[in-house]
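The structure that follows is given in the form of structure tokens.
Think of it as A, B, C, D and E in the order they're written, each chain with its own count starting at 1.
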Amino acid sequence: MDLGTVVGIVLGQVLIVIAMMSGGSLMAFWNFPSVVIVIGGTSSAVLTAFPLPTCLSIGGILKSAFQDNTRPIGDTTAQLQQFAQKVRKEDLLSLENEQIVDPFMARAVRLAVDGVPVDTIRQTLTDEKKTLETRHKAAQDMLAFTGTMGPAFGMIGTLVGLVQMLQALDDPSAIGPAMAVALLTTLYGAMIANCLAIPLAEKLKARTAVEATNMLLVIEGIDSSVKGENVMITKEKLEAFLSPADRGGGEEAAA
Amino acid sequence: MDLGTVVGIVLGQVLIVIAMMSGGSLMAFWNFPSVVIVIGGTSSAVLTAFPLPTCLSIGGILKSAFQDNTRPIGDTTAQLQQFAQKVRKEDLLSLENEQIVDPFMARAVRLAVDGVPVDTIRQTLTDEKKTLETRHKAAQDMLAFTGTMGPAFGMIGTLVGLVQMLQALDDPSAIGPAMAVALLTTLYGAMIANCLAIPLAEKLKARTAVEATNMLLVIEGIDSSVKGENVMITKEKLEAFLSPADRGGGEEAAA
Amino acid sequence: MDLGTVVGIVLGQVLIVIAMMSGGSLMAFWNFPSVVIVIGGTSSAVLTAFPLPTCLSIGGILKSAFQDNTRPIGDTTAQLQQFAQKVRKEDLLSLENEQIVDPFMARAVRLAVDGVPVDTIRQTLTDEKKTLETRHKAAQDMLAFTGTMGPAFGMIGTLVGLVQMLQALDDPSAIGPAMAVALLTTLYGAMIANCLAIPLAEKLKARTAVEATNMLLVIEGIDSSVKGENVMITKEKLEAFLSPADRGGGEEAAA
Amino acid sequence: MDLGTVVGIVLGQVLIVIAMMSGGSLMAFWNFPSVVIVIGGTSSAVLTAFPLPTCLSIGGILKSAFQDNTRPIGDTTAQLQQFAQKVRKEDLLSLENEQIVDPFMARAVRLAVDGVPVDTIRQTLTDEKKTLETRHKAAQDMLAFTGTMGPAFGMIGTLVGLVQMLQALDDPSAIGPAMAVALLTTLYGAMIANCLAIPLAEKLKARTAVEATNMLLVIEGIDSSVKGENVMITKEKLEAFLSPADRGGGEEAAA
Amino acid sequence: MDLGTVVGIVLGQVLIVIAMMSGGSLMAFWNFPSVVIVIGGTSSAVLTAFPLPTCLSIGGILKSAFQDNTRPIGDTTAQLQQFAQKVRKEDLLSLENEQIVDPFMARAVRLAVDGVPVDTIRQTLTDEKKTLETRHKAAQDMLAFTGTMGPAFGMIGTLVGLVQMLQALDDPSAIGPAMAVALLTTLYGAMIANCLAIPLAEKLKARTAVEATNMLLVIEGIDSSVKGENVMITKEKLEAFLSPADRGGGEEAAA
């Protein structure tokens, strides 16, 4: 469970609701047709813009923003250093029986054990890393697109409301409430974009960055093991990708 | 038929029409001169900005947003693995009689069978892939440009209407309707951009990405076959470009 | 004559003028001081921003947006294939007497005939292609900059008008017309940007892209001829840069 | 202590406060609920968007904007030239006893003394430089994101206030003050963005650039020393990264 | 003296002043507190955002926008061709006594005469070129940042003025002038950005581009001389970086 995401989203909404209630009834901010035009319009634009499979994957995408399943970078480094030591003491084939949870690392080790040439391993794993980054980017693009379309359909709704109001200016007392309702779609659009879509797209970007660093570590670590490099050099190479904080942990694991 | 595109566009329009009718007559939102200035102005800007052949290709471009003719990535992978196995069992020339529908794959196989050096094949196919991406990008740019010009001419129309209204403020009862009409061009421009042009440009981008991945697979697969690499290595190389979901299918096909 | 550019610009202006006249006199949209502040201000910003020689080249730049002098890609391909055949049948020196209109192609052939090493030829021609792209980009940047400054000085003019109007609110009947005049600069700025500067910058970009593709074809074609590659391979290499439509013509020429 | 940051921030706030007081009571610009909605909303968006550890590092990030701990480039150059001279006179191992404060330089020297191959040293140090730049970029992105969300939640707050005001237009005398309060959130959002977040993000970017140049100097300097290059060549190589001003100092140190 | 910069800036200001005077007294547009908030606020943001040394270099930066000290590209080419001929006739050392004004060219010649390996020369000079581009980009970024902050503090000032006005709506006759004053900061901000900061940043960019081309010419020319290449090849290589116009001059010089 990613506490930051949950607390952030709940807090943002609660604050806005409190602000709404502070000036009177919360119901003044509820207008069903306005909700339909903004959420429906934004969804229809997303449906037009992205392939159906990408649209339908939205559930899994959001889940990964709320649950952090990315592996700590320190763990990956520690395991790769263990591998390097094992390869040095025994040989490359000794990795065959390792229990490896991470599928990317498992695949890297399998390629190494199968005797695939080191350049092909590096190429194949790098291509796989790029594929994951591209796939994740599509998901982030969909959220970012939602963050653009929300305000756009908010504005369209407000324009519709304004045109309706302007054509019936006879009753001055109705102008205020009519304009208030017209502004609601702009408000909804801004909330969809700034409380949900844009921050979630950003969180997913950070998540992908960690996953990509993990993959980079696997590529460099397995490469170093296959080449039979000194364990110390492997350690130096891997630590170059860690922040000073993460590096501390890696050093303990290697001791 | 790309259901997402069709449903998305229809749904968006229907929702806005319902919102318009909810406040009175739909005719309040119809103004022929406003339609002419926004659609005509946007078209004239596109005509100024893009070469005639690109402008005239708009029909084909839109068709490819509504019809998904891109080949499933799994199919490409499966066929390339068949080729690799056939080349291993027989030889490169055995591919000559294969029935190949995809013209890019057909061209790649022909180059391989003709004995063109492997570097030249890779270079030529990569250049062809870049050419396709550049050509498709021009089409997407034209739609994105439409998405910028729609609101711009909407604003120009509104400014024209405002100036006209402001110079005849004598009759207060006419101000509201005049301003309503002035706002219509802004509304039309926003609809052209956000219901049509921008989402369609995005959909075409996703389509091109699939096509480019297919081409990348062909380049890697044929390269691997020509070099006479192990079938297992070819499989690993190709799967690196697939998402875990697509990969499942590829594994079956290779079994 | 580029019909698209001419028709696009004329059509856009005519539509706006018709819209202006539909609401009364066209003179309501003419205000000489407003014209001066927008056109003068935008010009002064361009003069500040770009070197004098670039500013003075504006005539030639605009001319190339209205006249399409770029060579059809198919012609370049066909001629390069002729060269390749001639070199195969006779030798490289046989190109010396070819009548070549395009100066870039002439230069490429001259370098080849003079016996300059193939790497130097490729490097030199690539540098020349980059130089052209950079020079053309400066012209496009100047137009795009005009497209940014037009609306900016439009807004400055409107602010000046608003401040003047707000300080003399005594006569209510003067407010409307004064505000109408204030809005005119915004309208002029939007027209300069969206009817002229931005679309013309885009058209020049497309023009440069065709010219760059022509140059790329020359580089690859001469490179292939100097290396004495098979005519068929030269053909494949060149066609990789063509769209399927252009390719048809190229095949005929090679037949 | 970075005087520029401190003076800049204080000066900006003071000027705005003076402007506020010039028109009456400063209290007219204080509204607690508005403060809560803008600061709370922006914080919640940041919390949603960035991983908790990044959010919690905000203290350290801000500290580095106010305290300049980056090493002067001239010092790094001078020390690296001393190393080069020592290596020339004695040998690479003579660097083992050097007192080195900068951890990156210390690590580079240690790798060199340990006899790690020169390509691996360069690769490892370059990876570490990239890691630092990526990590710092995340911090700058967080500040830049704050600079986007501040105005966004300012607008949300203003919309909430406008809707409340518009639904209670009965008392004309309340309209002005209500609208004034509604505008306060927009003002707060603009101040958060333009007085704090955006300028601080920019300052951190400049800081990272200096640090990256220092690292680049270490990479080139150690590389040159390990390769046993001429001291004069090392000097030329390092000075290429200095501005003419910094270069003067470096020459003195080398004399 | 760069006439374009001077005329552009003066013309822009004069036009706006004339527009201001056309509607009454110029004093209506002068408000000292508004000047302080916009110029002071923008300066404080720049001070926060950029290191003090960069801020203090603003004088020199602006000077180089008003004075064009960049060397004509044709001169550089001609001199490099003279060098190439001299090296061919005599030898590399013959360049030792050349009087060279441009410090970059002088340094390049010195490295060549000192017998530094050609790869190191190219690397060192390229690094120096990048350093100059980075340093100049910082100056351009500072001006561009000023162009963003000007309007931002203009808006902050207007918001402050609006809030003050809205809380004192009792006297209707005061509303107009109060709002006029509030708008002045927006006007000042727009003028700082569009008459000064943004165009000057653009001019500096063009200046840096010329300087970078000069450096590129020196790198290629010296490289060619050190390698002892044919004078004709040197000429071809250098001319690839020239526009057709500049090239004419170069040919004369080489004749």
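Things worth noting here:
By definition in this document, contacts are C-beta pairs under 8 Å (C-beta built on N, C-alpha and C of every residue); 3 or more make two chains touch, one makes a residue touch a chain.
All figures in this text were calculated on a predicted structure; none of them were measured in a lab.
Looking at chain B and chain C, no chain is in contact with each of them.
Path length between chain C and chain D in the chain contact graph, taken as the least number of steps between touching chains: 2.
When the CA atoms of chain A are superposed on chain C, the rotation angle comes to 145 degrees, reported as a multiple of 5.
A straight line joining the Cα centres of chain C and chain E is 24 Å long. One simple way to say how far apart two chains are is to compare their mean CA positions; for chain A and chain E this gives 39 Å.
Residue positions of chain E with contacts to 2 or more other chains are absent. Annotation: chains form a contact ring; the order from chain D, going to chain E first, is D, E, C, B, A.
Considering their complex, residues 33, 36-37, 40-41, 43-52, 54-55, 103, 111, 114, 116, 120, 123-125, 127-128, 131, 134-135, 138, 141, 145, 148-149, 152-153, 155-157, 159-164, 166-169 of chain D touch chain A.
For chain D in complex with chain E, the residues that touch the partner chain are 2-5, 7-9, 11-12, 15-16, 18-20, 22-24, 28-29, 68, 173, 175-177, 179-180, 183-184, 186-187, 190-191, 193-195, 198-200, 202-203, 206-207, 209-210, 232-233, 236-237, 239-244.
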